[in-house]
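Following are the structures in question.
Here chain A shows up in two complexes: once beside chain B, once beside chain C.
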Partner chain A sequence: MNEQIRATIKEIGLPRLLIAGFLLALFAVAVATHMDLRSLISDSITRVARNGILVLALLPAVQGGLGLNFGLPIGIICGLIGCVVSLNAGVMGVAGLAYATGIGLVLAIPAGVAYGWLLNRTRGQEMMVGTYLGFAIVSGMSIFWLLAPFKNPTLVWAIGGKGLRTTLALTGIYDKILDRWLAFSVAGVAIPTGALLVFGGLCFLVWLFFRTQMGISIAAARSNPRFALAAGISDQRTRIQASVLTTVLGAIGIVVYSQSFGFVQLYTAPLLMAFPAIACILIGGATVTRATIGNVVIGTLLFQSILTIALPVTSQVIEGDISETARLIIQNGMILYALTRVGKS
Partner chain B sequence: MRRALLRHAVPILFAALCIAGIWVAKITPSFLLGEMLIRVGRNSVLVLALLIPILAGLGLNFGIVIGAMAGQAAAILVTHWKIPGIAGFAAAWLLATPLAILFGLATGALFNKAKGREMVSGLIAGYFANGVYQLLFLFALGSIIPFHDPGMVLPQGYGLRNTVDLTTIQYAVDDLVAVHLPVEGRQLRVPVVSYAVVAAFCVFTLFFMRTRLGQQLRAMGQDAHVAAIAGIPVERNRVIATVLSTVFASWGQLLFLQNIGTLNTYNSHEQVGMFAIAALLVSGATVSRATVGQALLGTILFHTLFVVSPLAGKALAGDAQIGEYFRVFVAYAVITVALVLHAWQAAAKARARR
Partner chain C sequence: MSATSTTSGNAAALELRDVVKEFEGNRVLKGVSLTVSAGEIHALVGENGAGKSTLMNILFGMPVIHETGGYGGQALLGGEAVRFKSPAEAMAAGIGMVHQEFMLLPGFRVAENIKLNREPAHPTPLTPLFGHGLDALDVPRMRRDARQALDRVGLGIDEWLPVAGLPVGHMQFVEIAREMDKERLKLLIFDEPTAVLTETEADRLLEAMRDFAARGVAVLFITHRLDEVRAAADRVTVLRDGEIVGQVDPKTTSVVRIAELMVGRPAAAAAGRRAFDAAGDAALTITKLMVDMPGEPVHDVSLTVKRGEILGIGGLAGQGKIGIANGIMGLYPASGEVLLHGEPFPLNEPRKALERGLAFVSEDRRGVGLLGEESVELNIALAALEAQGRFLRRFPIPALRPLDQGALRRHALDMIERLDIRTQGPTQQVRRLSGGNQQKVCLARAMTLEPKLLFVSEPTRGIDVGAKERVLQILVGLNRDQGVTVVMTSSELAELRSLCDRIAIVYRGRIETILPPGAPDAAFGLAMAGETAAAA
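Now for the complex of A and B:
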């Protein structure tokens, strides 16, 4: 009996159990203090739909042997450029969203190729190179946002008339357009159907992709490069394919995120966006070398729920915002745990 | 000649950038000299703290942030106990040491568990430690840990304020032997003792590299596998190198804080790692090779750019913000390029071996 419990704990992993326990404890406090559970659950679901694609974006990188894609901001920046261009052109509604996504895709494909090319030449240090390449690009883009020749008065600073604002409001343009589509509520819990459908649809497409010949060869080259080479698959090539896919999904992810959040955040906002996404996929049970759609969905659900309800729940008990501190500890503790477990079963 | 130029391309490029900035912003030599005198004195030790892990083949120690936190915890306690002047600084230094040793042991053990991924682990460990630091000083202090000091604690009764006033120990080392030079009508503080401390760290590092342990670390840095076969206790030595680096970082942060005079409780440490590493790398040092001279040169170059960049941005585009973004961009870009070059060479070497 004892043995069995120990084996189960080992299989799920201690950190994951602790995190699930923490989430349960938060819900218990919420129930005990008579909080409105329905709004907590609604908010959690909204946050899952908002962040899900950014987490999904990490899957191809892991499956392709690139490790945890700390360079996710590269894709995010492509998507942000798409948003800014569409806003500048003043395209409204679904068309605007499609326009933003389209430009994001067009930029993300070459960016992903270049990123993959670089990662092929820096094998063994993909995570570190990705982290700092992401940092450098985000900070370099800060200069771009400040100098870019966008003239639309709703986007640039009112004083001086140049330089994009740090946050661009989407109100009346495509604010929550997916979240609202077919939205309904069950027993007081609001369901952002459109955004969930997009997340679910993309999950399905990625799942399907890893069953096509290209997808299978990407995963095969990761798990055994030499064997794959003997079968005529070059892992140089599959790694670039994986990198393009992760960057493209990152671009789509930020567009969906922005419409749900209601704002496009520029400058330093994307700097650390990869870290919570990485924590999500790891909490869901992924490792540095292996990830599934299930890991993405479960991880996003667990971690985003904690982030959503930690603030309202803990503020019942203590003053001050402990949720940010909890996020730092859980997120980075989880990543550290995964990093020390590479190469182990 | 061409090879020498190529080998020193990075510092030359950087010096050119600095000079261009100085020229554009019309910065006077006396202003720059005054700024540099302060900045080099207070930042050098943090950069020197990076050298020993590089020697041991651990790469850039992004974990020095944790050492800096140990220094800050000591500074907070000394301020609470109101120990003034050099006695306070000495107490802080003594207090920080065991803490930093403990943190260094933990970081070293982590690095041994994540071989080949020391840098990314160190970076994340820094973020993680930041969370624990916040938990301790923002929530536990004054609630779980008894701590009563209305001047330092937030009005709610627990948690430290965003800034801690360190005037009790400000300039404790800098002004231990007070030297003030009149330059163009202002009194220029020359922190003689701080420079003596920096020099002592340089001498210690140079000496350490020549000791038996230092030679073992060098051998490990060249080839950990061969070193292990030769009977060098690789894992133990890696921990020692990390501990030394962490302790240096805690002392370096204290030296930095006594000059600044205020502690931003929750931000002062955050960028320590990034700035120290970028400073080291602009001298042309790499992830696997760095010298004491490069640490000093890098500190001077990087901080020149740091001072010049916003002023040049203002002169060029009428906006200091551009310069500020630019210097952050440069810091990240320099680190990225160094990491890429390092990984590129390592990958090429691995391919050649196959």
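Now for the complex of A and C:
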């Protein structure tokens, strides 16, 4: 019996159990203090749908041997350019969203190739290089946002008429357009059907991809590059394929994120966006060398629910707000924990 | 010294009483009792998976035992009950181990490795303040001790060389020299020490083992090579499926009997030979092949492989025999001219090699041969999936053709049955299989490619007797029944001679000579030493 409990704990993983326990405790407090559980759960689900694709974007990088993609902001920037271009052109609704995604994809593919090329030249340092490259590109793009020749008065600063604003409201353009599509509520809990479907659909496509010839060779090259070579696979190429895929999903992810959030955030906003996503996939049970769709879904669910619930619950119980502190401890603690496990299988 | 000459009444150097070990409900040791006397060389033989390694891990206090719930039964060292929780404790109690996979620091010098953590040192002015951690190393004495230990194991290398870059055989002897240098050694365990050694090196190792025994050290020797057991051991314990099935005197027991005990079934007759047309056309014509493979460079090899033959490539380690197949398959940079069935064959392009109907079973099973984390079925299918697009469903974009799981599973089950791969099922991770079964998976992968020409390197290295025979039978079967031309590279001359139609001996990166399998022993010996011309 004791053995069995221990085996179960090992199967699920201690960190996940702790996080799930913490989440349950938060829920218990929420119930005890008569908080509005329905809105908490609604918010949690909305945030899962909002952040899910950004977490999913990490999976191809892990499976391709690039480790956790700290360079996620590269894909995010591509998606943001897509959003800004679509807003500048004034395309509304679903067409606008598709336009933004399309531009994001067109940019993300060459960006992913270049990123992969760089990672091939800095083998073994992928996570470090990704982090710094992400930081550098976000800063470089801050200059771009200021100088870019966008003229649409709703986007540029009101005074001076030059340079994009830090946040662009999507109200009336494609604000929550996916979240609202087919949305319904069950027992007072609102379900953002469209956004969930998009997240679920992409998860399915990625799962399917890793069962195609290209997907299998990407995973094989990660697992053993010399084996791959003997089987006629070039791991230089599969790593670039993985990098393109992670960057493309990052671009799609930020477009979906922005429509759900209702704003496009520019300048330094993408700087730290890789970190919560990485914490999600790790909490879901992924390691630096192995990740599954299940890890993505479970991790996003746990981490985003904690973020949603911790703020109201803690402010109810304690005077003041420790939710941001809790977020940073969980997020960075999780990343640290994962890095201590590198090399152990 | 033999077991009978040790003084009676004294406690045995090592005694195991009813040792039991389970991994996740799977009993791998079912009550093993064993005694080893001081000065005895005790051989422990058994197929892979018989429980030998687990027994050694228990003795040496490896953490894997402790982490998986410890073990049952008792171990007594010199009459005292011991239960080690870490290798450090075991070493402090006088147990040494020569590992199958080397426990050496590659960046350190030979002498530093030998004396590691036991370095002779002088106190310095800082010692009274900070303790012995700040003593100065007595380098001359370190070198002297190391030299002595190296000489005793007959390794003539400079003790001040770094370990990284030494040939594997030398590394093995550095490990042995390290144990040799320990003064308080009571029990020394050799875990398949000869697996990576050449025949002469193996002989030297057996001598070193006798040297230990003469000093009164109890030696426990785990091996696959039964001729070595007969040459060196005083007693042999045979382990099968976690139980001791026999304890025999090797001097009076035949190798065949020991082999029978190990596998638990009568050893089958040697694989049948078949006729081959010596005047037939060439399958592969190699001219002036050069391969830049570290440790096994090929300088200038010209060789013709006849269609339908089994060609053996032999030679000592480091002479380049391994490099030939690796070069042609494109795994290491190669130059030269190669014709496959009369048509030019591109070098340095592994994928083209597969597409042109070549397949390769690498000597480096874990490094090149397998995806350890992946399933048996994927390992079997992957090369064919990549190079030939098999096991895939139709899709407009070729790279995105999805896997045909049904076809993959059917093929894997078929291979598992045909090659008698002992596995829990096609989805088991390949690294959980024993060495022999891993090798069968490698062969299955090559066979899945349906090659016209198959390269196999060291097909029986590190696998047990039963699996060895099966692997050789598979190769003969492929050749005889499906007409596959086989080029087999091996360090085991006996194996080459039992299987091959012709045997090319490689010396210093060139073909020294090509001999028929029936050539006298001396001819092979001279060829391997590069002295064919001198004999003629």
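Note that the second predicted complex is superposed on the first by the 336 of 345 C-alpha atoms of A that agree within 3 Å, B and C clash if a C-alpha of one lies under 4 Å from a C-alpha of the other, contacts with A are read in each partner's own complex, and residues count from 1 in each chain.
The working rule: a contact is a pair of C-beta atoms (placed from the backbone, for glycine too) under 8 Å apart; a residue touches a chain by one contact, two chains touch by 3 or more.
From a predicted model like this one, the values you see are computed outputs, not experimental measurements.
Student: In the superposed arrangement, which partner chain does A:136 touch: chain B (first), chain C (second), both, or neither?
Tutor: first
Student: More residues of chain A are touched by which partner: chain B or chain C?
Tutor: Touched residues of chain A are more numerous for B.
Student: Where does A:70 make contact in the superposed view: on chain B (first), on chain C (second), on both, or on neither?
Tutor: A:70 contacts chain B only, not chain C.
Student: If you stack the two complexes on chain A, which partner ends up touching A:332: first (chain B), second (chain C), both, or neither?
Tutor: In the superposition, A:332 touches chain B alone.
Student: Kindly classify A:340 by the partners it touches after superposition: chain B alone (first), chain C alone (second), both, or neither?
Tutor: Once the two structures are laid over each other on A, A:340 reaches chain B alone.
Student: With the two structures laid over each other on chain A, which partner does A:128 touch: chain B (first), chain C (second), both, or neither?
Tutor: Touch partner of A:128: chain B, not chain C.
Student: With the two structures laid over each other on chain A, which partner does A:95 touch: chain B (first), chain C (second), both, or neither?
Tutor: Neither partner.
Student: I'd like to check the shared interface: which positions of chain A are touched by both chain B and chain C across the two complexes?
Tutor: Looking at chain A, the two contact sets are disjoint.
Student: Chain A touches which residues of chain B in the complex?
Tutor: Going by the criterion above, the answer is residues 110, 113-114, 116-117, 119-121, 123-125, 127-128, 130-132, 134-135, 138-139, 143, 154, 156, 159, 317, 319, 321-322, 325-326, 328-329, 332-333, 335-336, 339-340, 342-344, 346-347, 350.
Student: Quick one: in the complex, what on chain A touches chain B?
Tutor: Touching chain B: residues 70, 118, 121-125, 127-129, 131-133, 135-136, 139-140, 142-143, 146-147, 163, 275, 318-320, 322, 324-329, 331-333, 335-336, 339-340, 342 of chain A.
Student: Any idea which chain C residues touch chain A in the complex?
Tutor: Those residues of chain C that touch chain A are 24, 69, 329, 331, 350-351, 353-355, 360, 362, 364, 367-374, 378, 382-383, 385-387, 389, 392, 395, 398-403, 405.
Student: Quick one: which bits of chain A touch chain C in the complex? Just the residue numbers, please.
Tutor: Residues 3, 7, 208-209, 211-214, 216-217, 219-220, 223-224, 226-227, 229-233, 290, 345 of chain A touch chain C in their complex.
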